[in-house]
Amino acid sequence: MNTDFMNIVAGHDVTWLMAIAMPLIMVPIVLKVRLGSFGVLIVPIAAAPSFILSICAAPGLEVYISWLLLGMRFGIDETSGAFLLFTSILWTVSGVYARCYLFSDKDINRFFAFFLVAMAGNFGLILAQEMVSFYLFFTTMSFAAFGLIIHDASSKARRAGKVYIALVVVGEVLMVAGILLIAGNVESFAFNDVRSGIVASPNCNIIIGLLFAGFGVKAGVLPLHIWLPVAHPVAPTPASAVLSGAMIKAGLIGWMRFLPLGEIALPWWGILCVIIGLAAAFYGVFVGLVQRNPKTVLAYSSISQMGFMTVAIGVGLAVPDAVPLVMTAIMFYAIHHSLAKGALFLGVGVLKDAGGTGFQRLLLFAGLLFPALSLSCAPLTSGALAKLTLKNLLYTTTMPWLAVFISLASVGTTLIMGRFLYLMWKNAGKTKSSPRFGLWLPWTLLLICVIFVTWLYVPDKRLSLLMKTVSLNALWPVATGTFLVWAVLQWGNKMSVINKIPQIPSGDLLVFFEPIVQRLRGDWKTNIGLVFSWPQNVLAGRLGSKGNNFVHKEKMEWMKRWHSALNCFIFKQVSTFVGKVEMQFICLSNAGMLIIILVIIFFFLLTIP
Amino acid sequence: MDETTVLIVWVILLPFVGAMVAFILGPRKAPIVTIITSYCIISVVAALTWQVWKYGPQRHDVGGWVAPLGIALYADGLTVLMLIMSIVVGTLVSVYALGYFTDSSISSETGKANHRSKSSFFWVLWLFLWAALNALFLSQDIFNIYITLELLTLAAVALITLEGESEAITAAIRYLLTSLVGAALFLFGVAILYANFGTLELEGLGELVQTGSLSVVAIALITMGLLLKTALFPMHFWLPPAHSNALTPVSSLLSALVIKGSFYVLLRLWFQVFPLEVTMVAGHLIGCLAAAAILWGSLAAMCQKRLKILVAYSTVAQVGYLFLLFPLAAKETHGLGAWNGAIYQTISHACAKAAMFMVVGNIIRAIGHDRIKDMKGVCQQLPVSMFAFALAGLTIMGMPPSGGFAAKWMLITTSIQSGQWWWAVILLAGGLLAAGYIFSVLKYAFIKTEIVNVPLRPVPRCMEWAPLILSLLALLIGFTPMPLDLLRIGNPFPDAVTMEVVK
Amino acid sequence: METMSLKIFYSLTSIALFGIGMYALFAYAHLLRKILAVNIMFTGISLFLVATAQRSSDSNLDPIPLALVITGIVVLVSATAFAIMMVCKLCEKTGMTQLPDEDR
Amino acid sequence: MNLESYFPLLVLLTSLLTGISIFFLDEKRSALRILLNISGSAAMFAFVIFMLWGVFHGHNYETRWSLLPGINIALRADSMAILFATLSAFLWLITSIYAIGYLEITPHRNRFFGFFSLSVSATMGIALANNLFTFFIFYEILTLTTYPLVVHQGTEKALRAGRIYIMYTFCGGAVLLIGIVWLYTLTGPFDFVEGGALRRFGEERRVALVVIFFLMILGVGVKSALVPLHGWLPTAMIAPAPVSALLHAVAVVKAGAFGIVRIVYDVYGIRFAEELNVLGPLAVLASVTIIYGSCRALYQVNLKRLLAFSTISQVSYIALGVAIVGPLATTGGLVHLIHQGIMKITLFFCAGNLSKTLHIHDINQMNGVAWRMPLTMTAFTITSLGMIGVPPLAGFVTKWYLGIGAVQANQQWVIAVLAVSSLLNAIYFLPIIYVSWFKKYEENQPEEHISGKLETRWTLLLPPLITAFLSLAAGLLAASNLSPLGWAKLIVRREYLP
Amino acid sequence: MEKQIRVNQEKQKGFKIKPLFLALLCLTMGVCIGLSLQTTQVQPVDLAVIVQNELHNSGVTNPVTAVLLNFRSYDTLLEVGVLVLAAFSVISLRTVQLPRLEPDKDHIGSVQKCLVLLLTPVMIVIGGYLLWVGSESPGGAFQAGSVIAAALLLLLLSGYQLPLQHPKWLLRILLTFGFCVFLSVAMGTVLMGRSLIEYPSGWSGILILIIEATLTISIALILVAVVSGRVIENTECRRQNAE
């Protein structure tokens, strides 16, 4: 493909706008039109412009649209090109998959509306080159995702939706605070000045903390991850595929754009990130292992995989000059993880739909096995490549001990993959019929992409790198992992220990947070409400007409009656007093006395000077 | 000096002649005679205003005798304004009375006779009242003022007794006795002044009177007499029963004009005749009484059950505003602002209060009583009257578009300029309290009633439009600077610093 | 000298009369008494005016106060007559000869 | 006296005459009344746009006539006046369309529309006033003309609300009067000057000037519902929807906020105010109001009371913007004047629609209401997201500028206030959206579709959609100089000249 | 009615501190005025001398009448106005005739009857004399009027009906006759271009006499009307009394 054609296409800003606008234009069509057979094409058409952009736009190209919302700037640099590619692939595949998966569902129109808006948001935030538009698209994506999670309106979905929206709003607020602090002392909002602006600004640490937490909510940083395991199982499979594949990466992009990687060395922040990353990695594995539902297991594995990327970011923060390496490592990891995780989720959907005959079942399981293996960084897979780049990043930045932890974590990943496959084996679809064509076709397409896409971005000497992945220290974690899985399978069956493992409810920490929030919100109604309302009500002449909380009803009524009684009592007293005194005045004899007194006072006063 | 100073004389003679002709021609033709006389007076006063405007204050020696011996008639800016006020309010009340007394709806024979007899003497007495007012505004001789005051009071008391009920008679007696006491005090003061200084002429007295103990006593007596007649706070007891029990046109005349007569006299004497040292101390005493009047009047108005008494008590409160002039104008420099404010207040209060009483009359005409509690259905049926009441209420409260506001603005500015900020606080408190009782009435205009239209006796059109015109006039005063320029002619503060724009 | 002391004597009596009139007006409840009290006050003032007419310089009297007294009396007469007729009307209407709320 | 000097007066008189002529119509002639109302508001809107265009090109429209020695009533269309005037004129047009639809068969419509146009002419007066005296006159007239609107229904609660409204606003007026008079005695009567009129008088009496400042802010604060003085706003919610829409979105509350803007910029001048360091307490007061308003809105059940409390907190953004020294914060404050107007009026329109067609007044009755009235609820959702400050909408632009302005004036705590307030906004707005969109509509009553396919009368539906679209456009096209943000920047450039 | 009057009497019995207090106040007031009198000094403007010099062209020799009807004639005009006003107000009161004033014929003793016949002409002559002598020595319209009024009242008291009641408008004119003449003289002087009530040079004496005469008649009738309240009745209140 000759480059000039690509430049022409990517050159003028219409294509940029179309990348984002196309899905939005499709939304009203989706809502109104009954999705007939050609419904399958909707999502691919919507994703096409951004797909083309990701392929043919040369990095470093930028476009500035001045009249739109304080001036928007779009562009692609190295990492965002890759991100755009795998995101558009994932969104297209899940779109087609969803068309068939939800064929019988009556709310399909609404699902696709939210789906398209979220997609637009996702593409927008990748392309955005300055804070305001990034924040705009980030919010659109988050709010649209809420629609996806709550799609089948069951009580669990509602609870998940509430938790999700609460955390999104909290993240949003933190992010806004951070952005505003940056925007205060930086002229143009483009990202390169932003990074230097953060370092220059007096409250640099606050900004970094806020941004880290803000994006952490989306990226599943440890304390803020609780929405992930709750949301994924509940959302329809294509939605959760996209959610954990593409949307989580938004948090990652946010970190890469905003945090001052490569500007100055921030040792403390770096170490903190690394610790959180590792904790997330191991914690995700441990809790993931004990889960019953395969989708929750996958959710926890996403949390642990994001842990790896947080480690990379931490290293980037600590060692500024290793940043290009960090970028490539993260890119590879992101591509590999999103596609593999997307494939796994779609696979779950396919298998759940139909068991398939003996041979088909084997074929399906092979399809599942392959992304699982690549996730656990088996040699010759994209996972290995990603881990390799991450490993030599750690070596170059003189942190060898970290590499050991990484390998241990990847052992964990293999274990969790084993758990997932075991669960899939146990409760795969019972019916013998083969899965529907609309489901497994996009799935297989995605599997192919899992294999090839990562390699596209390897700069040179692909083969030598491929060979390196086969080296021993790349192999041992996978081997130990599979060995452990096999051992547990064999030994565990006899002891049937597996199904007696203690059950941790999904969204572990949520169990503690939720009651607190509930009581807070409940109490909020009663006492805080009362505290606020009392002075203002008295001033406005009535008491206690506050919320409908029944507990205080009678007390309020009594106070109100007492208050109005007091009012008219005072008024009556005053009027009787005035009446009496007036009568005294009116009767001429008393009035006379007054006149004479006044006359005399007047005399004395006047005669004094 | 213009050649003929005869205009002043006609202003006084015309109402007398009108009264005589009205009496002789009998009650049927009296209204027409009154209307004609009022036209003539309007033209004469208009000419007089133009004369004063062009050539400054006019002076007329009655009987050709020079000042100390004869009586002089004097008309300066303030007098002309007062004359215009009495004309405006007078003619509109007469128009209102035309409708009021041709009440066709009374069916019973005795009722009709009773009603006709009531109206027969109204016109004659009203013309006498008008003559007394004009004579009072124009006279420059202290004994002559005494006689005009007596004429005024007698006419007012006679007008009150027209109503014929026992409460009206009691109120009239009480009013007559108090004003006789006032007249006695005033006359005694005049006698003492004459004993000391020999002349009765205001101009002459102005130069001669200094702070001797005798003149102090005279000043005290005269002031007390006039305060009694103007019903300042402790001496206000006769006003509410008198003004609320009289016929409606009568009570509007009383509240709007009669009160202002004795206030005008006190104003004249206070700033032209009495020496400054005396007025300084006394001013603050009157100020305290005025403040008490404002607060007490409004408080009493709020507690009233009947609308007419409420409006009467609001007069007691508004009189308080007028008397705030004395403490404020005590300092020579800031006098003009307070002086303008007080005169604005006089004029706008006259229009507004007359309009209010007329509206109350309409309500009484429509439903027969004026208990505030069950006035529900009426207000929706009398939109024009309620609108007039609301506009008049604006002036009483001193809300911006109205003349009352201009007065309040000037009084507050002077009080802050002269450092006596506490009067400003009183003024504002008065405004708020006034809002209290005005809105307690106005809310009935909006209340939702079950029965859509209450059976009402028809109210003739001129009775609805007269108050509206008057309240619009009260509003208009707030917008035109014309009264101000008139007031500058012959004001007692020649070197007062007015509020030039400090740039 | 003796005219001066005469003059002061008359003034003092007039003030006494004025005081008594004032007292009687506000002390007694019966309306006719009140009207009479007013008359006494006005006679007091007339006496004071007559006293001032006594000029020290030469024998004849200063006519101005006398004229004032005459005018004063005429005014007083008309006011009193009107007051009395009102009291009669009140008595005819309500049978009371004093103001309703006077306690004595 | 060429035409230009009569223009502001002309604007004022159009709505005044419409009002008065409506009074004299008889109740049954509704067609004529509608015609009068619409033509009056359209004419005024056209005049204001013409003036806008004129001011943009530097014409000077000024009417002045003297009342007392030295004191004169002056109406001048400077850039800030035009900002507020355009807002009121446009929203009057929209609200009268809405009111015609809303009060279809109710009694006393003459009285309502008469006072309605009078209150708008008062708002115009406030906008165009060129000195404190004229400002005060129209400030009080506004109270008087809005009282009949608040008590329009005549029920006992409405009357009580009216009484409370009068109590608050009259006391505020009195305090403002004392402040103005005291200032006039100190410095003599003066007109509004772009950079602040008091600069010329130097600071011989600093303490007095500070006390006067707070007196005036207190007086104006009653109308802009600053914390201790906001009691009347929720109780005045008894009034019918168009009244609470126009009053609480545009006329009364904005008049108060506009007053604060005038006092700080055109009377004291931002530099002089900073010297007197009076802006700190004002900022704190505004922030307290923001937080307090949102907290109180949290637990409201009645929809209109919730919107009232959210108005209390939103209006204080303007005060906050004014209180932070710096061109950006001022732009934020000024532009919020428009944005809040548009957004809040849409919310009230939607609340009105809900109460009118479906008789829904409380939030817990709103399950699945979006599916019964989709268009109204979309407008409601857009604007409530805007209120929270979600980017593409107008609310975000204000928060953005306020935030940056605060950081530049290194008052970082303001950002915390903004964050907390948008969090609170989210907490009380999102459940409403959630309940109306995602909860199913339980009672299985048949869907009452009134008059064909539209969910309610077109006059009730069109206004909220227009204003919702406007708030979206104001956000999206903020950068262009036609938008309110552009206009605010123009004003700020003139304010911060020397 | 009787019950009411008895109630008033009882109340006056109890000893009240109020009158004592009131007396004290009046006393102090009197003392204050009295104390201030010592400082009387000679009047700076001596009006008496001025009156004396101007007396010759005032048309009358008695200084008091001169002051009353020439120098301060405006006061007298208003004063007569007050009188007429009092008459109007009494008429408007329409009080029912109190029984005492209208005794029936047989009760009046014969002594009173013949006394009346003797005295009335004498009193009228004295009235006329007083009127005439007014210009030189003390006398004048008011004194003459009151004497004649006394005569008329005496007639009334002894049961005679005054002949003037029948023609209704005649009574109206007679009542206001004096005031109208005075007014017309005043208007005449003004119409002739001189100031108010400035008698033409030679005419002051005669004009004063005419005014005095007419005033006497009106004052007499007014006083009778004011005192008895019955003499002058307009038709309406007569019919009302009839019911």
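When the chains are written out, they are named A, B, C, D and E in that same order, and each has its own residue count from 1.
Everything below uses one rule, namely that contacts are C-beta pairs under 8 Å (C-beta built on N, C-alpha and C of every residue); 3 or more make two chains touch, one makes a residue touch a chain.
Everything numeric here is computed off the predicted structure, so don't read it as measured data.
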| item | value |
| --- | --- |
| Co-neighbours of chain E and chain C - touch as defined | A, B |
| Chain A to chain B, fewest steps along touching chains | 1 |
| Chain at maximum distance from chain B, centres defined as averaged CA atoms | A |
| Longest centre-to-centre distance from chain C, chain (CA-based) | A |
| Chain at the geometric heart of the assembly (C-alpha centres) | D |
| By number of C-beta contact pairs, the top two chains | B-E |
| Chain A-chain D separation of Cα centroids, rounded to whole Å | 37 |
| Whole-Å gap between the CA centroids of chain A and chain C | 102 |
| Distance from the mean Cα position of chain E to that of chain B, given in whole angstrom | 30 |
| Geometric centre distance via CA averages, chain E-chain D, whole Å | 73 |
| Numbers and ranges of chain B residues touching at least 2 other chains | 143, 147, 150, 154, 157-158, 161, 174, 177, 181, 192, 195, 213, 216-217, 221 |
| Interface hub residues of chain E, defined as touching at least two other chains | 18, 22, 26, 29, 32-33, 36-37, 40, 46-47, 51, 72, 75, 79, 82, 85-86, 89, 93 |
| Sequence positions of chain A contacting 2 or more other chains | 586, 588-589, 591-593, 596, 599, 603, 607 |
| Listing of all chain pairs that touch each other, if any do | A-B, A-C, A-D, A-E, B-C, B-D, B-E, C-E |
| Complex interface listing, chain C residues touching chain E | 8, 11-12, 15-16, 18-20, 22-23, 26-27, 29-30, 55-57, 60-64, 66-67, 70-71, 73-75, 77-79, 81-82, 85-86, 88-89, 92, 94-98, 103-104 |
| Interfacial residue positions of chain B with respect to chain A in the complex | 174, 177-178, 181, 185, 211, 213, 216-217, 219-221, 223-224, 227-228, 234-238, 240-241, 277-278, 281-282, 285, 299-300, 302-303 |
| Chain B residues touching chain C - in the complex, by the definition given at the top | 143, 147, 150, 154, 157-158, 161, 165-166, 169-170, 172-174, 176-177, 180-181, 184, 187-188, 191-192, 194-195, 200 |
| Residues of chain C defined as touching chain B within the complex | 11, 18, 21-22, 25, 31, 34-35, 38, 41-42, 44-45, 48-49, 51-52, 64-65, 68, 71-72, 75, 78-79, 82-83, 86-87, 89-90, 93-94, 99-100 |
| Complex contact set, residues of chain E against chain B | 32-33, 35-37, 39-41, 43-47, 50-51, 54, 70-75, 78-79, 81-82, 85-86, 88-89, 91-94, 169, 172-173, 176, 179-180, 183, 186-187, 190, 194-198, 234, 236-237, 239-240, 243 |
